[in-house]
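The same subunit A turns up in both complexes below, where it pairs with subunit B and then with subunit C.
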Partner chain A sequence: MKRIANTIRDIKEYPSALIGLSIIMILIAVSIFAVIYMPYHRAIALWKGADNIWMDNPRNASPAWVNLLPGINIPETIVVDSAGQPGIKTITPIAAETKTVDFRLGFDYTYGEFPKEINIFFTAQYEEIPPHLDLIWHTPDGRSISLDSQTPKHSSTYRVSQSSRLQRRTGGLTPHIGLLAKPGSKPEVPLQGKYELEIQGLTFEEAADFEVKLVVYGHVHGLAGTDHLRRDLLVALLWGTPIALAFSLVAAVGTTIFGLIFAAIGVWYGGWLDGLVQRLTELTMILPALPIYIMVGLFVSRSIWVILLTVILLSLFSGSKIYRAMFLQIKEAHYIEAARAYGAGDFRIILRYLIPRIIPTLIPGFVTAIPIFVFLEASLALLGVGDPVLPTWGKVLSEAQANGALHMGHYYWVLQPAVLLLITGLAFAAFGFALDRIFNPRLRGL
Partner chain B sequence: MAAELPSGPKIPQRPAAKRENPALDNLLRFGKYFITRVISLSITLVIAVYLTVLVANMGGAVDQIREGQIRERIGLMALADPEIMRMPVEDRRAMEEELVRLEMSRYGLDRPFIVRSFGYLTRAMTLNLGRAEYLTSDSGSNQVKLIILERLPTTLLLMMSSFLLIFFISLYFALYLSRHYGSFMDRAVIALAPVSSGPAWFYGIFLIMFFAAVIGIMPFGGMVKAPPPTQWFRYALSVLHHMTLPVIAVFCSSLFIAVYSRRTFFLIYSTEDYVEMAKAKGLSPRAIERRYILRPTLPPIITQFALALIGQWQGAYILETVFNWPGLGLVMLEAINMYDTPVIVANSVIFGYLLAFTVFILDIIYAIIDPRVKVGSEEGRL
Partner chain C sequence: MQNNVLLEVNNLKTYFEMKKWGFVSIGHVRAVDNVSFNLKQGEALSVVGESGCGKTTLARTILGLYRPTSGDIVYDGKSINEFSKGEIKAYRAQLGYVQQDPYGALPPFMDVRRILAEPLIINGVKSRQEQEKLIERALTDLKMTPVEDFLPKFPHMLSGGQQQRIVIARAKILGPKLIVSDEPVSMLDASVRIEILQLMRQLQEEYDLAVIYITHDLSTVRYFSERILVMYGGKIVEQGPVQEFLDNPSHPYTQALLEATSDPDPKNAETFKKVPGGEPPSLLNPPPGCRFHPRCSYMIEGLCNREEPPDFIIKENHSAACWLYR
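And then the complex of A and B:
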C-alpha cells in the first residue's frame, strides 16, 4: 500500500505523466459513455447503415464546428418534412374518391455557397392507384420553375440533382445550383431568401395519402462530419475508443504475462527447458507476424478478437529475452534461497517470488507497449483485413485512404481518427516513459 | 564508423603464452560462431516458414493453390490434344476429372495433410509457389517468384536507407546530447520521445497531407514520376524526391526514441569509474567517447536496434501502401485486395527471410564489436 502511495507521489512530479494519465482517464470515460449511450448492437446497425437511416445526411460533409470559425458560413443541411408539421399540407376533396393534396415546403437560404445536393422523399399510402404530383419551385425573387412530375411508389425518392430534364430547364446548370442561382450571375452565386417548394398532388382513392420531405444537403454535418456513405463519423470515432482500449490492453497484458511466465520457467529449471524457451524466443523474432495476421484475417476470420488471439499466441515468447537477464540475477537472491529452505515448491517460487519481483520494472514497458497494439488494429484495417462490422478508428482511416480523402481535400476524414490515434498513443507512451523513470532508479534524473 | 570499429582499440588479450597465433585463433572462433549461427538461424527459419504454411492452410488455401495448378495444366493438355477435344463434352469432363484425380494422387495430395505439409514447406522455402491468380510482375510474368523478387530491391532501397540513416544519426545525436546533458535540445528530445509510439505510416499520412496535398511540393506517392526520366541522373533524382517523405516518416517514428534510449545508455556508462579514470589521465573527450563509452554500450545498442528493426520491417509493409511505394508491402496489399493466395503466402515467406537475414547480419556485427564473442562466451549473442 505504501508503495502505491509513493508511486502516486512520484507521478505527481512528472507533468508528462499527469497529462498522459488524465488523457487515459478521459479516454476511459469516453469509452464508458460510448457503451452506455450507444449499445453495441445499435452501433453496429448504425455503422452498417441498413434501411437508409443515413439518407438525410450529406456525403463527405465536414464537421459542423468549422462554422464556428470566424468568417466561415458553410451551408448546413435543411430538412423540411411535411409529416408532423401542421400548416404545410392542405387537403381538398373534389370528387368521390379524388382529392387534391397540396404542400408548401418553405425554407430560408442564407448561405453564400450552393448546397451539395437536393433530394425529395415521398412516402405514399394507396391501394392500387398511386397519387400524381406536380412540383413547382418558387424562388425568393418570384420566379417559378416547374420540376418533373412524379407518381411516387409507396416510398420513393426524387433526386433533383440528377435530373437531366431539369438540368436542361435550368440553363445547363446542375439542378441544385440552377434552382438557387441568382439570375445572370457568372460565376453563379446563390440567391438568398425564402424558397418554397410547392407540390400539387392528386390522390385517387378514399384512403390514399402521402407525405413529402425536402432535404437540401449542406456541406457540414454533426460533430464529426460524414463519410462517402453519408454515415455520421461520430459513431465510429466514439465506438472506436472502447474497441481500441480493449484490444490494446488485452493484447499488452497477454503478450507480457506469457513472456514473463515462460522466461521465469526457463530460468528456474535451466537445462534443456531454458534452451527450448530461448530457441522459441528466437523463433518468435523471425516469425513473419504481420503476414500471419493478414493470412488469419483473410483465410480464417476477420473478427478482431480472432486477430487478438493470434497476436497473443504469436508473441507467447516475445519478451523472454529481456526478462531472462533479470530473472538470472534474481534467481541467486537470498530470499529465493530462503524460500527453497522452507520447502517451497518450484511453481510457488516462480509465481510468488520470481515474477512479482520484476513486475515493477515491467509496468513501464507494459504501458509503452499499449500504443503498438492500438496502431496494429489500424494497420490491419489499412491493409483491408480489419473487422468487417466493428466501427473502429482504423476502419475510418482505411476507408478515407481508399476513397482518396487526401486527394479530394476531405482532411477532416483522415485527421479525426488520426488525431485520436495519436492522442491515445502519446498518452500511453508519455505515461509509460515517466513510469520508467520512476521505477528504474538508475534512470532517475537522466 | 562501422568499418573503423573492428580495427579500433584492442581489448586486452588473455595471456598469449600458450597460444601460437592469437589472430588465427580468433578467426577460428569467429568462424565457428558464424557457422553455428547460420545453422541455428536456418533451422529457425524453416520452422517459421512451416508455421506460416500451417497458418496459410488453415482455410485450405495452399491445397487450393496446388489443385488449381494441376487443373490448369490438365486443361491446357486437353486443349492441345485433338483426340480429347473431339470427344463429347461430358466424356471430356469426366476424363479431365479422372486425370486430375490421378495427378492429385501422384503428387500425394490425397495423403493426410501432415505428410503433404512437408512438401509445401520445400516449395515455400524455394518460393516455388507456381503462378499468381491475378497479379503479374512488371515484366508481365505471373510467376509468383518473379513478382516477389522484382519488388524486393525497391523495399530494400527504402528501408535500408532509412535504417542506416537512423542508426548513425541517432548514434551521433545521442553522443552530442550526452555531452550537452540538460540542455534545451536534450530536454526537447526527452519530451519528443513518446512521439515514437506512432508507426511510420501514421506520420506518413500527416506528411502527405501537409507536403503533398496542402503545399504541393512533394509527390503523393510512388517511386518515380511518370513518365520515368530516361537519363539515369534525373531518374535517381526523381527517386530521391519520392523517397524523401517516406524516409522522414520513418524518422518521425523511430529517431526520437532511438536517440533517447542511446543517450540514456551513454549517460549511464559515462558515470563508470573507468571513464573518470580516463578523464584523469587527460585523454581527449573524443578518445574517451570512442574507447570508453561507445565501445561497451554498442552491444546493448545493437540489440535494441535489432528489435526496433524487426518492428520496422512490419511497419514497412504498411508504409509502402500509404506511399504507394512499389515494394513488397504494396504487392501484399494488391494481393489481399484480389485475394491472390499464392502471392500472399510467398510474400509471407520472403518476409521471414528478411527477418532472418536482419538477425543474421546483426549477429555478425555483434560478433565484431562484442569482445565476449571473441573469447567464446555463450552470452555474446542477440
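And then the complex of A and C:
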C-alpha cells in the first residue's frame, strides 16, 4: 500500500506522466461509456448497417462541430417526415374507396451552400393497388416545379438527385441544385427561405395510407462525420477505444506473463528444461511475426481474438532472455534459500519469491508495450486482415484508405482515428517512461 | 529429556564437483569431510573456524539443503538419507535457519507480517487467527514491540539488528527443536551483536532449544554455548566443553586461535584470521596427513604429513585430532 502511495507521489513530479495518466483515464472512461451507452450487439449491428438504418445520414459528411467555428455555416441534414405530424393530411373521399390525400412538408433553408443530395422516402400500406402520388416543389419565391410522379411500393425511395427527367426540368442542373438555386444566378447560389414539398396523393383502398419523408442531406453530420456508407463514424471511434485498450492490455499481459513464468521455470529447475526454454526463446526470436499474423488473418480467421491468441502464442517465450538474466541472480538470493529451509515448494518459490521480485522492473516496459499492440491492430486492419465485424480505429483507417479519403479531401475520416491512435500511444509512452524513471533508480541494486 | 540426543552427525561428507568447461570433472571440493558429532536436546553448540573451512556447507547439509555425499544425519532418531523429497521438505521445516546477512535473508517485497506468515502458510497453519497469534508471540519473544508497529514494515525500513531479529523470529515461529545460525551477528554493528546473542541465548533457554551457533569469532562463543567444535579445512580438529576448551586448548590450531582472541573485545575478533601463519588449505587438493601440518609449528616429520590423525581423547568429552596426543 505504502509503495503504491509512494509511486503516486513520485508520478506527480513528472508532468508528462500526469498528462499521460489523465489521457489514459479519459480513454478508460470513454470505453466504459461506450460499452454502456452502446452495448456490443447494438454497436456491431450499427456498424454492419443493415436495413438502411443509416439512410437519413449524408455520405462522407464532415463532423458537425466545424459549424461552431466562426463564419462557417455548412448545411446540416434536414429531415421532414409526415409520420411524426398527425393531422397535416387533408383526406377527401372522391369515389368508393378512392380518396385524395394532400399535404405539404415544409422546411427553412438558410445555408449559403447547396445540400449534398435529396431523397424522398415512402412507406405505403395497401392490399393490392399502391397509392399514386404527384409531387410538387414550391420555392420561397413562389415557383412550383413538379417532380416525378410516384407509385410507391410498401417502402420505396425516390432519389431526387439522380432523376434525369427532373434534371431536364431544372435547366440541366443536378436536381438538388436546380431545385434550390436562385433563378438566374451564375454560378448558382441557393435561394434562402421556406421551401415546401406538396404531395397530392390518391389511394384506392379503404385502409390504404402512406407516409412521406423528405431528406435534404447536409455536408456535416454528428460529432465524427460519416463514411462512404453513411455510417456514423462515432460508432467506430467510440467502440474502437475499448477494443484497442482490451486488445493491447490482454496482449501486453499475455506476452509478459508467459515469458516471465517460462523463464522462471527454466532458471529454477535448470538442466534440460532451462535449455529447452532457451531454444524455444531463440526460435520465437527469429520467427517473423507480421507475416504470420497476415497468414493467420488470411487462412484461419480475421477475428481480433484469433489474432490476439496468435500474438500471445508467438511471444510465449519472448523476453525470457532478459528475465532469465534477472532470475539467475535472484535464484542465488539468501531469502530463497531461507524459503527452501522452511519448506517452500518449487512452485511457491517460482510464483511467490522469484517472479514478484522482478515485477516492479517490468511495469514500465509493460506500459510502454501497450501502444505497440494498439498500433499492431491498426496495422493489421490497414493490411486488410482487420476484424471483419468489429468497429475499430484501424478499420476506419483502412476503409478511408480504400475509398481514397485523402484524395477526395475527407481529411476528418483519416485524421480522427489517426489522432486517437497517436494520443493513445503517446499517453502510454509518456506514462511508461516516467514509471521507468521512478522505478528503476531504486532497483539498480537488484 | 535433557540428555537425549537430538541430532547425530556420522562421518558426514559434502563434496562439490568442480568442472572445467562445464563438463570435465577436475575433482571435488571437500567442503565437509568426515565430520561426526552429537547434539543433545536443548544444547548450544558453537562451530568455530576461519572463513572457507566448510561451516556454511555443514549448516546447509544439516538443514537438508544439500544432500550429503556420504555419511548420515540422524534427527530425532530418523536418518535423513531415507527421506523422500516430500519428507525432506517436512524435515527442513522442523529446523530453524538464521543466515549471516539479515537483509539478504528477507524477501524485500514482503512486509514483516507476510514474511512471518509464509512458513506458517507453507506448513499448514491455515487459520488467520492462529497465524496472528504465532506472529505476535514470535515478535514479542524478540522484543519487537509494539508488534503492530513492525507488522507493516518492509525489510529496508528496519535496522540491521531489527532485520536479524525478524530472521530469528521466522526461524523459531514453527517451534523447531533445533536452530542453525550461521554467523548471525558477523554482519551487524558491534554494538548490537551482544544484544542479539543474548536474545538468542534467552530464547534457547526458555524454549529448551538446541542451537548450532556458527562463527569465526571466538570472542562471542563464551557468551553463548556449552560446547565448542573447531573446524579446519572441512574437518573437526577439536571439540569439547567451552570451559575445558578455554582452559586447556589442545590442538595447535586452536591454541593459535585462542591466543589471537584472548582479548574479549569483539573488535579484535577480526585479527585472529591472520595469526596462524600461512594459507588455509585448498579443499580441492588438501595436504596429505593432517591438513594443518603446513602451518603447524609442532609438525612431526613423516607422521603429520603422511597420516591423517584420528580423534584422541584429551579428557571426558574433550578430543583433538592431533598426533601430539597419540
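Criterion: the second predicted complex is superposed on the first by the 437 of 446 C-alpha atoms of A that agree within 3 Å, B and C clash if a C-alpha of one lies under 4 Å from a C-alpha of the other, contacts with A are read in each partner's own complex, and residues count from 1 in each chain.
Following the convention adopted for this analysis, a residue touches a chain if its C-beta (ideal position, glycine included) is under 8 Å from a C-beta of that chain, and two chains touch if they have at least 3 such contacts.
These numbers were taken from a predicted model, which means no experiment stands behind them.
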Query raised in the report: Which one hits more subunit A residues, subunit B or subunit C?
Result: B
Requested in this report: Quick one: classify A:A339 as touching subunit B (first), subunit C (second), both or neither.
Outcome: second
Requested in this report: Have a look at where A:A429 lands relative to subunit B and subunit C in the superposition and call it first, second, both or neither.
Outcome: first
Query raised in the report: So, does A:R348 touch the first partner subunit B, the second partner subunit C, both, or neither?
Result: second
Query raised in the report: When the two structures are overlaid on chain A, which partner does A:L283 contact: first (subunit B), second (subunit C), both, or neither?
Result: first
Query raised in the report: Which of the two partners, first being subunit B and second being subunit C, lies in contact with A:W272: first, second, both, or neither?
Result: neither
Query raised in the report: Should A:R357 be classified as contacting the first partner (subunit B), the second (subunit C), both, or neither?
Result: second
Report task. Answer with first, second, both or neither: which of subunit B and subunit C does A:P371 touch in the superposed model? Result -> first
Query raised in the report: Where on subunit A do the contacts with subunit B and the contacts with subunit C coincide?
Result: none
Query raised in the report: Mind pulling up the subunit B residues that touch subunit A in the complex?
Result: 40-41, 44-45, 47-48, 51-52, 55-56, 58-59, 61, 191, 193-199, 201-202, 205-206, 208-209, 212-213, 220, 264, 267-268, 310-311, 314-315, 317-318, 321-322, 332-333, 336-337, 339, 341, 344-345, 347-349, 351-352, 355-356, 359
Query raised in the report: In their complex, what parts of subunit A are in touch with subunit B?
Result: 16, 20, 279, 282-283, 285-292, 294-296, 298-300, 368, 371-372, 375, 378-379, 382-385, 397, 401, 406-407, 409, 411, 414-415, 418, 421-422, 425-426, 428-430, 433, 442-443, 446
Query - Sites on subunit C touched by subunit A in the complex - result: 60, 63, 65, 89-90, 92-93, 95, 97, 99-101, 104-109, 118-119, 122-123, 152, 154, 167, 170, 174
Query - Interface residues, subunit A side, partner subunit C - complex - result: 1-3, 333-335, 337-345, 348, 352-353, 356-357, 360
